[in-house]
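Shared chain: chain A. Partners: chain B in the first complex, chain C in the second.
This part shows the complex of A and B:
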């Protein structure tokens, strides 16, 4: 059984990836780190994602070892510097 | 009769504040006693400083070393057309004095550095981060954590903004959220990526509001919450933040107890400066050297890594440049000949460094970057070349 999670990308991430959302199928018991590794493993342009991105699961900041469940919303919070 | 600490004209000026139960006379006196440092007098710092001054915040410090440029005016409403070419601090002081002569504006005409940050920040109750680059954001955060001063954070990119309050007692800090700086080149700055002028107006006004709430000690602040604003969709997304128990600066047992070299930390170099990555296998060439190479019998392969709209305004196309925006370079490496020396350039030299690194990693070479970018080219080789 795979676990579908709903990923969201904002600002520079959205621009560089060319998409604002993506559903990713993960193995049972997968964590945020597994999701990041799965995406980065797709190569360009997903390899622009940092290894330790700031991520919110269901609108709460999450550590990399946080487990993901079916239907979770994972938002990649982009670093933004402009002022 | 004058109130002991607010003059008759101040009482009149602040009447709509004093009418609020959450402010009142006591709150207005708190604002008058308040000392706020604005880091940056740009897009965010403009509405921020204007509203703080109008609100009667007694001491407003501003750190900025830039001059007003005409391209600032689309968003930096603190400055006017007649201020172009003036120091931003002079322009800001005049404008704020006009907005409210009862407040004191303190200028810090410096670049904030690890050497001067603690000294500059320590006299203030609240620090507001309105800077435009990652090294200064990490510097401001760490200095605020060390001093125990709240850091009212805002940042903008194109149509999107973020706002939060960091480094309050027990609350998370910027480093809890963004542990590592992004790799150079991932996030374009406003000059490269553009920004809709109203956006910093909205985010900077939110920062002003949070600052005033902190001074008053009223309401529910943004500590522990990050708001992400999307102006195109006109939505706000709220993210609950957490303190990272292993945060190097704000955890209970921090591994970093002083300020560090933030340029090095973020892996960036300033325009015109040599690369900090001395081990890297590309060369920084000044504009005159690049011009000489291009005029030689064996000119290098010249790549412009800026965005198409920048290219449309001016480029070195007549000298053989091809446009490959930095974001596309990885996918278009095949277009670059392997047997020829390559020179890359951008606007100020920073994207060129990222491109040069990619080319070196891809086995191209010898690779050089036009140091200081097209800006320095326009300064020394082709005066009058418009560069946006």
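This part shows the complex of A and C:
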């Protein structure tokens, strides 16, 4: 059974990918690292994503070993520049 | 009352300032971040701010609460704007008040420094020569390429 996760792209990532969101099907037990590998494995333009990106899972900053479940929201966070 | 908001509406500094202050406070501070007309030596014509709006609101609330803890009062108000901003427009307003100035300066400084580290907001400079570029930013703590989350506030490792 696959697990759908909702991915979001912001700022430079959104510009370079040409999209702001995407639903990705992952295997049960997948982590953020698996999501990154799945996306980067698609090649251009997804290979612009870093191997070790900053992400937020359900609006909280998370590491690559964070497990993902159905319906989770994973945002790819380019270096932030508020103020 | 602690107040934090991330929104596209024009910021009214007087409205943010009015959210702090009390008869117990001898110090009130208002900090404004303003879009300037240059980046290093390059003329800038405007700035676009993008935000992960829902998360940014939550992160800004946390930062304001941490600042309040340092301040020792609950008089902290911060508003960050997103969207297209012109030169001279306010991108962020931070108001704090406390019985004495020292804590107020510290808390105000804490909010601006922390939001630059952690707030999921991005800015793209529009240069007068017609080019636009995302401003180089910070990798937030607690992420793969960022540092370990720092212990924040005066309450320990919260």
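Throughout what follows, the second predicted complex is superposed on the first by the 79 of 83 C-alpha atoms of A that agree within 3 Å, B and C clash if a C-alpha of one lies under 4 Å from a C-alpha of the other, contacts with A are read in each partner's own complex, and residues count from 1 in each chain.
Keep this in mind: contacts are C-beta pairs under 8 Å (C-beta built on N, C-alpha and C of every residue); 3 or more make two chains touch, one makes a residue touch a chain.
Keep in mind the model is a prediction, meaning the values are calculated, not measured.
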item	value
Partner chain(s) touched by A:35 [first = chain B, second = chain C, both, neither]	neither
Touching partner for A:81 - first (chain B), second (chain C), both, neither	both
First (chain B), second (chain C), both or neither touched by A:52	both
Contacts of A:11 with chain B and chain C, given as first, second, both or neither	both
First, second, both or neither for A:3, with chain B first and chain C second	neither
Touched partner set for A:44, first chain B, second chain C, both or neither	first
Touching partner for A:24 - first (chain B), second (chain C), both, neither	neither
Chain B/chain C common contact set on chain A	10-12, 15, 50, 52, 54, 56, 59-61, 63, 75, 77-83
Complex contacts: residues of chain B adjacent to chain A	40, 42-45, 129-134, 137, 154-158, 160-162, 172, 177-183, 186-190, 193, 195, 200, 226, 228, 230, 237-242, 244, 327, 330-331
Chain A to chain C touching residues, read off their complex	8, 10-12, 14-15, 50, 52-56, 59-64, 75, 77-83
Footprint of chain B on chain A - complex, ascending	10-12, 15-16, 44-45, 48, 50, 52, 54, 56, 59-61, 63, 75, 77-83
Sites on chain C touched by chain A in the complex	33, 49-50, 52, 54-56, 58, 80, 91-92, 112, 115-124, 134-146, 149
